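Should a chain be cited, it is by its letter among A, B, C, D, E and F, assigned in written order, with residues numbered from 1 in that chain.
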Amino acid sequence: DFETALREVKPAFGAVTETLETYRANGIIPYGERFDHLQSTCRTLVEQVSKSSQTTLLTALLEGPPGTGKTALAATVGLGSQFPFVKVISADNMVGFSETAKSSHIAKVFDDAYRSPLSIIVLDDIERLLEFVAIGPRFSNTVLQTLLVLLKKVPPQQRRLLVIGTTSAASVMQDMGVSSAFNFVLHVPRLREPEIKSVLAAMKTFQPHEMEMAVASLLDSEVPIKRILLLVDMARQSVPEGYAIPIARWTQVIRDIDSS
Amino acid sequence: DFETALREVKPAFGAVTETLETYRANGIIPYGERFDHLQSTCRTLVEQVSKSSQTTLLTALLEGPPGTGKTALAATVGLGSQFPFVKVISADNMVGFSETAKSSHIAKVFDDAYRSPLSIIVLDDIERLLEFVAIGPRFSNTVLQTLLVLLKKVPPQQRRLLVIGTTSAASVMQDMGVSSAFNFVLHVPRLREPEIKSVLAAMKTFQPHEMEMAVASLLDSEVPIKRILLLVDMARQSVPEGYAIPIARWTQVIRDIDSS
Amino acid sequence: DFETALREVKPAFGAVTETLETYRANGIIPYGERFDHLQSTCRTLVEQVSKSSQTTLLTALLEGPPGTGKTALAATVGLGSQFPFVKVISADNMVGFSETAKSSHIAKVFDDAYRSPLSIIVLDDIERLLEFVAIGPRFSNTVLQTLLVLLKKVPPQQRRLLVIGTTSAASVMQDMGVSSAFNFVLHVPRLREPEIKSVLAAMKTFQPHEMEMAVASLLDSEVPIKRILLLVDMARQSVPEGYAIPIARWTQVIRDIDSS
Amino acid sequence: DFETALREVKPAFGAVTETLETYRANGIIPYGERFDHLQSTCRTLVEQVSKSSQTTLLTALLEGPPGTGKTALAATVGLGSQFPFVKVISADNMVGFSETAKSSHIAKVFDDAYRSPLSIIVLDDIERLLEFVAIGPRFSNTVLQTLLVLLKKVPPQQRRLLVIGTTSAASVMQDMGVSSAFNFVLHVPRLREPEIKSVLAAMKTFQPHEMEMAVASLLDSEVPIKRILLLVDMARQSVPEGYAIPIARWTQVIRDIDSS
Amino acid sequence: DFETALREVKPAFGAVTETLETYRANGIIPYGERFDHLQSTCRTLVEQVSKSSQTTLLTALLEGPPGTGKTALAATVGLGSQFPFVKVISADNMVGFSETAKSSHIAKVFDDAYRSPLSIIVLDDIERLLEFVAIGPRFSNTVLQTLLVLLKKVPPQQRRLLVIGTTSAASVMQDMGVSSAFNFVLHVPRLREPEIKSVLAAMKTFQPHEMEMAVASLLDSEVPIKRILLLVDMARQSVPEGYAIPIARWTQVIRDIDSS
Amino acid sequence: DFETALREVKPAFGAVTETLETYRANGIIPYGERFDHLQSTCRTLVEQVSKSSQTTLLTALLEGPPGTGKTALAATVGLGSQFPFVKVISADNMVGFSETAKSSHIAKVFDDAYRSPLSIIVLDDIERLLEFVAIGPRFSNTVLQTLLVLLKKVPPQQRRLLVIGTTSAASVMQDMGVSSAFNFVLHVPRLREPEIKSVLAAMKTFQPHEMEMAVASLLDSEVPIKRILLLVDMARQSVPEGYAIPIARWTQVIRDIDSS
């Protein structure tokens, strides 16, 4: 029953948490309302799957441009869920696997989840799991069909499962029928000016009076959070710890490297 | 002869019923005339196949948008038939199978059916059985050819078979020659306003005077029954049991999640 | 020599006849002149192949829409030929075969035929033998090439062979060079109004004064014979044996099922 | 040396002749100038390859519509050559072979030819050797590449080889680079009115005064010789031996069968 | 820890340096500002990866026309880095490898890098690693997916990695998602007139007053550095060592060979 | 060192020469300036590769219509080089090889070349090595990638290599990136009128006053040298040795065979 089941999967708990943390290596900076709303929606899903008498399977797809923090968000949901089974399925751990091996690895994780009363599975970077490439296009139909089936397979009695997918290829997912196989699709955006300022402020990157200029120096009006963090880190290189980045250094980094 | 044959397949009966029930997990809500007509047409087919002196094989395809209740309807027909052999062929049970393994599993189920005097086979989600994906498009021609042949193969003497297929990809089925391999094609629709009200009323979701507004809040004018049930379930989450869903909660759920 | 050869293949005769009969399960209703002409042309071919001093291989393709009775006609020719070797090559008996296995099964039947002084081979539903599907399109080139070669291979001395093919995909056969590999192509048509009446009259389906109306109720002006027989059988279900079908019942069956 | 080599391949001679004869089952009817010219050109090639001090490999492609007598002509050239090694490479003898098996069979025949001082190889129906089909198009590139190489490979010292190909797919051969791999391409035509008359006269088919009408009854103005012979044979069926075919019988055969 | 790790990989150091040198066989001629800027940007990346507290993986793609010195530049960065692990992954060393063997070789090099505290991996000529050809187009998706995953895989704790890719097929890399998998893309240009003069001057190829004419003789206004070096070498062939190349000899080489 | 290396590969010398001769079976007729220029350019390359201190790998592609003498020219360069290692890689010797076997055979020849101080490798008829066919198009990417890598791989220290490719498919080579993988591309032309006369004169084919007319009889204004030699040989067949070809005989050969 429930108790035994819980105990059965618990040993893996510690290790899993550790791994989840690596998926948000640079921490989470709550950059504004749009982020808060995303997080609260995810929390609602966690609650529903753990409590509803009808719904025992919920599936949500996080889609957005590269580097917008989809994986970090999914990991955060997993960490906050307190579910006994939380697992990320990522291409990282399947380098060199054949299509069949990938499919059976994925099916295995779902099977493991069905043994825990409450589970979260993160399907990270689905286009990568599918070995997708736009030229052709090519992808593993074996893996795709496995996902399409598993995304709809109701867990056995007394088992509840939340699946969170992440993707940077929303339109491909649409064409493949992956999007419509999920119950919900949530958009994770690039940051706009005020949100960028929040991040830079939180990181104490610039002197307050230079903030305006720093944001204006960026080449695009919307920037993925990962890119902001990388640029800041590069600019900081020649700056002594604790000091703000001089605006000249910042614009040089952008010109040298981001413009290419 | 008949008696012996009946006995031969009977042991499987109980177990099969149990499985069939899982395909209509949230019960059947008779939402109006269109549903009644669908059900009665299906019942006619069951009768003909069991009694006609000429027709010993009948095949019907249920096609309609995702979540409109095709599988639940097919399962209901199977349960109501009282036939000694009723079996669902679903991709669920074939995750990781090769094309050939799928084909031979399918052929095996037909062979088993040929041993029972009266049988129903449900080919659930045919596009999934075929591993269909619109990009390419790709699919298993091995499985397709197996279906095309079996859909036309007359059962041996004294054996009668009803095949019910379900699909959300009507035009693909047309192009592949699957639709025309079935004797009949029946359309399972999304629910219109009055039908949605029937469902919400049957579930006692809203206070009567708020019903009009609740339906108006939906984003599409036609909604699959599965989607309605899911939204209701989400909205109910924060509502104490037995209480109606406040209209504000309902619109919030729709805005947060269904609009993405 | 001839006598020994005849004896050699004869044992298979009885069994073969039995099988041939199953390909015209609902009997043959001579629906009019067009059918008579088709049958007499086929009989001419049978005669030529059995008597000509020059022609020892004749090949004819029966093409027409689904359900127009091509297979039944081919089986009828086989049954009427009195040839010691008559065999139907059908996808039915090759479910799950690999392309190579199909090819070699087909080649085997031709080899067997070459051992009989007089043979008929029916290549039933050639598009199915070829595992053809319009999407792609895809088909087994291995099987196709086998057919193209065998259709032109002159039997050994003293052996005579008539090959009858059937297909619902005339234009595909053209594109693949199958049609032009046959000596002749014969068209098997859908039935027109007077022919439909012949069939309904022969089956005593309606009261004479309702016949006109019954035909007018059909949705298409030309209908395959197999479809007519199916609709009649459905309509008859609720009618006591020996009675005519009331016109109301007939139109209901058509509306409920044939219009979908 | 030459003598020994000659003796080495001679035993195969008798058998080979026998086979060659089967490729012109209905004999050769010299239907007019165009045929004579074709034959004399071929004879020139035979002479050149057997005598020239420079040219030890000659290759010619006979192309023309189906049934125009390409294979029969090639066989006739082989029979008239008196070469110790004459071999037909035909798809007939390779039913069920894999691409590789076909290629190596072909290479084997060339190897055998290289052992004879004077050889002719007939590559019959090259599109069939290549398993060509227009849909796709598909064909065996393995076999194609083998042919392209062998068609240009100069025989070893003291060995001479004439290769004659036949094909009904001239434009395909062009696209594949097969035509340009041959030294020469010769066109084998359908017969025109006077040529058709020659054939019918030679066969004593009609009474002289009916000849004009007989030719006029044909549906096409140009007809392959094989088709003429088949139609005559069919028409003759009901006519007592030695008698001319009545014109009515002739037109009936054409209407019944050739018009379909 | 760090020390042990360093020692662990050090033995390979000497050998590696030797190999790196072969990738810039004709030395490095600093042809002007654009080259200096490229080099200094690369040095910044080396520094950041070795010092940043946040960034432990940096990836940069050098793209430019054939022969512009991309590989030589990457090798130079490696040689100047003083990192204990510097390795070039090149198709050269994988001739005849299967796709899978290539993938696993690549993965192996990354694994080795993860064992060194500081590493540089050069992915040389990525289109060649991918077996790319524009007709089709065709490429190894297995290798591509391996690269896409490894380019994003964060090294284990305490490990730092700089990946430098080179390619002449910028737009292909874009289409395949390779460019966007790199953090930065740097353009390596063909040389313009003043830069060509720098190179010719550095090599003491022409007499100063003939320099202008020498450059004017070139067929294109922008020339890859490798091409310049090759033309000079050809022209020098008939010139005694230490002497300048006569302009007539120079223009002859260009006309004879470069114009074809 | 050099001496030992030389001795090591020398034994193969005699045999190789013999083979090279077979690639120019009908000798070399220096038909004019364009041929002389081609030959002298090739000789320059031979010299550069054997003497330059910088260039140890040179690659040149001879491209031109079929039969223009590309292979004969490459063989002539090899024979004139006096290099200890000269080898032709030709599809002739790889009939029936798998793609992998071809690739590894090619790689093997390059490996052998790397063991000789001075080598020439002729890649004959590259489209045939690649199993290229325009329909599709199809080709062996395995072989292509092997060539693309080997064409750029610098030989080991103290080793020098000249690679000469031949092809009749210049535009295909362009599309595949083969042309640009070679250092130089040289065009081998069809012969124009004065060049044709040179050849006919050198062969003493016609009486001087008939030469003009003989050339005028040709169907094309530019003719490959191989074709000229073949036509002459055919025309000579019926002419006693030592006599000139009568112009009538010449025009007949052209009409009979070259016009088809």
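Criterion: a contact is a pair of C-beta atoms (placed from the backbone, for glycine too) under 8 Å apart; a residue touches a chain by one contact, two chains touch by 3 or more.
In this text the structure is predicted, and so the values were computed from the model without any measurement.
Fewest steps needed to get from subunit A to subunit E, stepping only to touching chains, is 1. Counting only chains that touch, the fewest steps needed to get from subunit C to subunit E is 3.
Among the remaining chains, not one touches subunit A and also subunit D. On a Cα centroid basis, the chain most remote from subunit C in this structure is E. Where subunit C touches subunit D, under half of the residue numbers in use are shared by the two copies, so each contributes mostly different positions. A rotation of 60° superposes the C-alpha trace of subunit D on that of subunit F, rounded to the nearest 5.
Using the mean of the Cα atoms as each chain's centre, the chain most removed from subunit F is B. Inter-chain centre distance (subunit B to subunit E, centres taken as mean C-alpha positions): 59 Å.
Note: centroid distance subunit B to subunit F, computed from Cα atoms, is 68 Å.
Separating the CA-averaged centres of subunit A and subunit B is a span of 34 Å.
The set of subunit D residues that touch two or more partner chains is empty.
Because contacts link each chain to exactly two others and close back on themselves, their graph is best described as a ring. Beginning with subunit A and continuing to subunit B, the ring of touching chains reads A, B, C, D, F, E. Every residue of subunit F that touches subunit D in the complex is listed here, in rising order: 22, 25-26, 66, 91-92, 95-96, 128, 131, 133-136, 138, 229-230, 233-234, 236-237, 256-258, 260. Here subunit C touches subunit D in the complex through residues 37, 41, 44, 47-48, 51-52, 54-55, 100, 103-104, 107, 137, 139, 141, 144-146, 148-150, 153-154, 172, 175-177, 180, 183-187, going by the rule given at the top.
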